[in-house]
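Common to both upcoming complexes is subunit A, partnered first by subunit B, then by subunit C.
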Partner chain A sequence: MWKSIVYKEWIKIRRITIILFILGILVIMGIYSGVRHDLVLTNAELVWVKILIMKDVYFTLLKFIPLIIGLLVGFAQFVPETIDKRIKLTLHLPVNEETVVLKMIGFGLFSLSLVYGILLLSFYSLGSYYFPYEIAGTSLLTIVPWFMAGLAAYFLVAFIIMEPIWKYRIFYIIFGTAFISLFFKGGTVGDYTPVLFTLLLLVMLSSISTLFSIYRFRKGEL
Partner chain B sequence: MIPKLSRYFLIILATVVLSQVLPAIYDNLFDVRINTPYVSFGAEKKVFFIYNHREGKGPAFMDSKGENYTRDQYLNATPSENYFYHIKNGTMPDSINGIRVDARLLQRESFNQMTFPFEFSQPEYKLYPLLESAPEAELVWPKDFFRIDDGIQFIDARSNHIDEAKSVTYTGIMKKAGFVFPATLVAGMPTVMKQWDDGWFITDKEGSLFHLKMVKGEPYFVKIAKPENLKIKKMVCNSYSSREFYTTVISDDNRIYLLRSSDYKLMELPIDDYNPNTQSLQIMGTLFYKTVVLISEGSIKAYAIDRKYNKVAEYARTWPVKADMPVGKIFTYLFPFSIEMQPANSHFVHFQVNTSHSWRWIYLNLLLLALSFVIIKRQDRKLSSNIFDLCIVALTGIFGFIAVNIFANKEY
Partner chain C sequence: MVNIVECKNLTHYYGKKLVYENLSFNIKKGSILGLLGKNGAGKTTTINILNGFLTPRSGNCFILGENSRNLSPAVKAKIGFLIEGHVQYAFMDIYQIEKFYSGFFPGWKRDAYFDLMSKLKITPRQKIASMSCGQRSQIALGLLLAQDPELFVLDDFTLGLDPGYRRLFIDYLKEYAKAENKTIFTTSHIIQDMERLIDDVMIMDYNRVLAYSSLTEFMTSFKQYNFEVEQTHLPLEKDSTIINYERVKNTVELYSYASSDQVRFWLNTRGIQSKNFRKVEMSLEDAFIGLTGKY
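So, the complex of A and B:
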């Protein structure tokens, strides 16, 4: 069953995932070509002074990219399921509904993790080419919550799209927006470091939320 | 079972999110401006002057004896502080308190330093520039930055490579002076917008204090004597033209010391109620006195200290804080607790749970609990399968009530 689910989900999300992945890579390359430009064309120490002393965040361009990826992959994967209520077909298969949905989410999570992993790795590798680990590592810790927000957004989009009743969808959109806002409170580099684990726990709490809507979908609350 | 679990997860998540978001929205909508008075010690009349901002009425001046002043009376009573005004008007006295003064002398000895609670808790890169402290012209940024781990390492900014030779030289000199790597605190004033650079004040693994700077390209590194039991928590460096002290040292037990420039002696200020978690520390200096002001949300304490570091006067005042006002009281009726992500005393993000100081929230919690019973009964649901919901509402009040209702419990 895994194989057929992977195939079905991959068809839905492949185009958008690849496009967004390339976009992410281009943004990271853009950020570091800017850094390289400044290091070569101005005095290199002034680039460091801007970062270390003026607390300049040189990678703000990346801020909402993981969030956009999470949202759009979620849309691409779950909107088709609601057209003509196609999900009902899947849920009527002689297999456990929860397992099917969890596998769908699992595949999305796997794809996103792969994309996010490569983006984070490229960001850190390019960062450590130009900067010592104090800057590269702290910058990495700063962007991690943005990627967590992307994962949370993916889970919530799946959950909200699968929610059958519009009244509740609106509540959940408001709740989801409030939740996502927690990942973007910061102002300085490295400020989220003490709460990364707590945020991860919160993301994990949202991970199986789709089961809540599916449960009701299945029970015919339409 | 798993769908149930997914609902519980969502409720817990929503409760956490709401306990951050709702109090933050409330605070944002009903914030109150509290004007902190400005207090300084007048060298001429030997009283504290208090400057208050009054909404729509302009400033009000009074002294610690309760006497009111107009703006002009205040300025005329404090020439050693407001010398700019007197120079402009040609009313500058020749001498103050029997000492011949001129504007340059007064300006040289004047400074104003603020240390906020968040400065004790903020992210740091732990990379520092070592400027030439005696440049021929203006200060310039060095080409490299240093870190102090097992040794001191200078990293060239252009190549991102370690300058081995320089690192070995400096590490050797530091070891020779008794420095035990790594560093615990590195304090300085990394800016070129000043006239000279005093380098860095560094504590080592054992808590000893050292001074590192570069003079004519050569390292200067000395150990600074300090009492054995003095553990340093924070140093605030300066480049005041009086060159009286290098840095303000705050100890672990919140005592305040000034590290005197002339002899590296730590001069303790006679203040024993400074709390850096809740109070901002302001130190103002003039030719005659220092005014040390501790400012918290609802109080101000000021100490006048003479040039020999003896306390000559003190002043304290309190005012109502937000919690005492109607908006603050309503807050305690609404929310049993709140989660603060950006507390004022830190530049880190936290999940700080602020519990209520009163039990007023219990009324709303009980009301919402009763309402939950009614809802459950009306929807003909079994009490036994709603125990979790009821517990959440009882414990978290409005947050849990919203959470259990937007993620409604359905029984089929």
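So, the complex of A and C:
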């Protein structure tokens, strides 16, 4: 049963996930080839001052990439379920309704975690190659909220797409946009470090939003 | 005979709009019940209640002994569900979709599915989305046959099908259902082919059930009489004898459960001079239109 669910979800998201993963890797490579260019060919001291003293974020190119990945994977996974109300097919499978949707979400979360994990690792590894541990570590903590935003966006997209009534959808989109913007308020390196745990709690909270869709389904609103 | 489905006093509203009130019906094991009605009469609502997708305002449906509000996975495995328009996971091809569904049903009959697929003229990796409605109907049917459920719930399976595929679908399904003693609940607003399939009929109009009996009983008891009149004003009105009537110029089509003599007597008592009074043979579609009206 798990195998079948994973199989279907993989068919839906495989192309977009692989493409976006490659895009993420290219962006990270682009950031560090820029860093290398600045360090080797321009003024290395200036780079150093900007990062250490001015707390410059040298990796802003990456800022919205995890968000885009989360959004598009969510779209790829859940839009096909709502076309022609195919969600009825999924919910008619001989599995508990909550279980089947949570397994779908679980697979999406696993795929995103894998992609995000590799991207974070790549970012940190390349950072460690060019900079000392302190800079690479702080940079990592700076981009973590962006990846959390990607996860939250994925959960919210699932929730919003499964919502059958447009006026509620619009309300949830406004709420979701405001919620996601919380993850992008910081302007300098390490701004969010003290609140990372709170952000993680918020992401976990957003993960259960899809259960509300199932509740509405049970009430016959789909 | 055992009832596979028992619905008691179903009442449902969409907002303040009443769909129906106190609808009750049973489906016997091995029988095929056709729910016929015009668009918006409540056919899909009934299907949604049966499948647990909709909670009725009041009343209950029991499927294989379980309340449809909370169907267990074990009972859902025994219900084969066809969504209106043969909707399936169109992003898959015929091999992928078979592989997907087979993981959910221990008694999956792979051969039944591929037997039907062998008749389709498609390329091996063609996505379902790029297939014709007729081809999609065969995939949906093949998946149902492979699932081998106790009860088939088919929502308007004729929708979008040309006569050839409609006939193919019905003949294949009927032969299988009768051979395996399966139960079918089907809705349709295209009536012409249903006569070949169903044992029992329930005809719904807005808010109410107009007829519910075996098809044979309905077709023998519900009659159409035609006659000519010259009077410009006819004191015709619907009552317990006259179920419906249509007047086209001087010809009156009158629908009734009453006998020919009873209808003639009814006309005479109201001073209606009928000429060339005759009983007209009806198809199920004629009877449906006679009962529900053309508008």
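Definition applied: the second predicted complex is superposed on the first by the 218 of 222 C-alpha atoms of A that agree within 3 Å, B and C clash if a C-alpha of one lies under 4 Å from a C-alpha of the other, contacts with A are read in each partner's own complex, and residues count from 1 in each chain.
In this text, a contact is a pair of C-beta atoms (placed from the backbone, for glycine too) under 8 Å apart; a residue touches a chain by one contact, two chains touch by 3 or more.
Values in this document were obtained by computation on a predicted structure and should not be read as measured data.
Upon superposition of the two complexes on subunit A, no clash is found between subunit B and subunit C, which fit side by side.
Applying the stated contact rule after C-alpha superposition, one finds that A:86 touches subunit C and leaves subunit B untouched.
In the superposition on chain A, the chain among subunit B and subunit C reaching more residues of subunit A is B. When the two complexes are laid over each other on chain A, the CA centres of subunit B and subunit C sit 140 degrees apart as seen from the CA centre of subunit A, to the nearest 10.
With both structures placed on the common chain, the touch criterion links A:94 to subunit C but leaves subunit B unconnected. In the superposed model, A:168 lies in contact with subunit B only, and not with subunit C.
Of the two partner chains placed by the overlay, only subunit C lies in contact with A:1; subunit B stays clear of it. Taking every C-alpha atom of subunit B against every C-alpha atom of subunit C, the smallest gap after superposition is 7 Å. Taken together, the two complexes place residues 219 of subunit A in contact with subunit B and also with subunit C. Here subunit B touches subunit A in the complex through residues 2-3, 5-7, 9-10, 12-14, 16-18, 20-21, 122-129, 141-145, 147, 155-158, 160, 190-191, 341-342, 347-351, 406-408, 410, 412, going by the rule given at the top. Subunit C contributes residues 48, 51, 53-55, 73-74, 76-77, 79, 81, 83, 85, 87-92, 96, 99-105 to its touches with subunit A in the complex.
By the touch rule above, subunit A contacts subunit C in their complex via residues 1, 3-4, 7-8, 11-12, 80, 83-86, 88-89, 91-96, 217-220, 222. Those residues of subunit A whose C-beta lies close enough to touch subunit B in the complex are 39, 43-49, 51-53, 98, 129-132, 134-135, 138, 168, 171-172, 175, 178-179, 181-182, 185-195, 198, 202, 205-212, 214-216, 219, 221.
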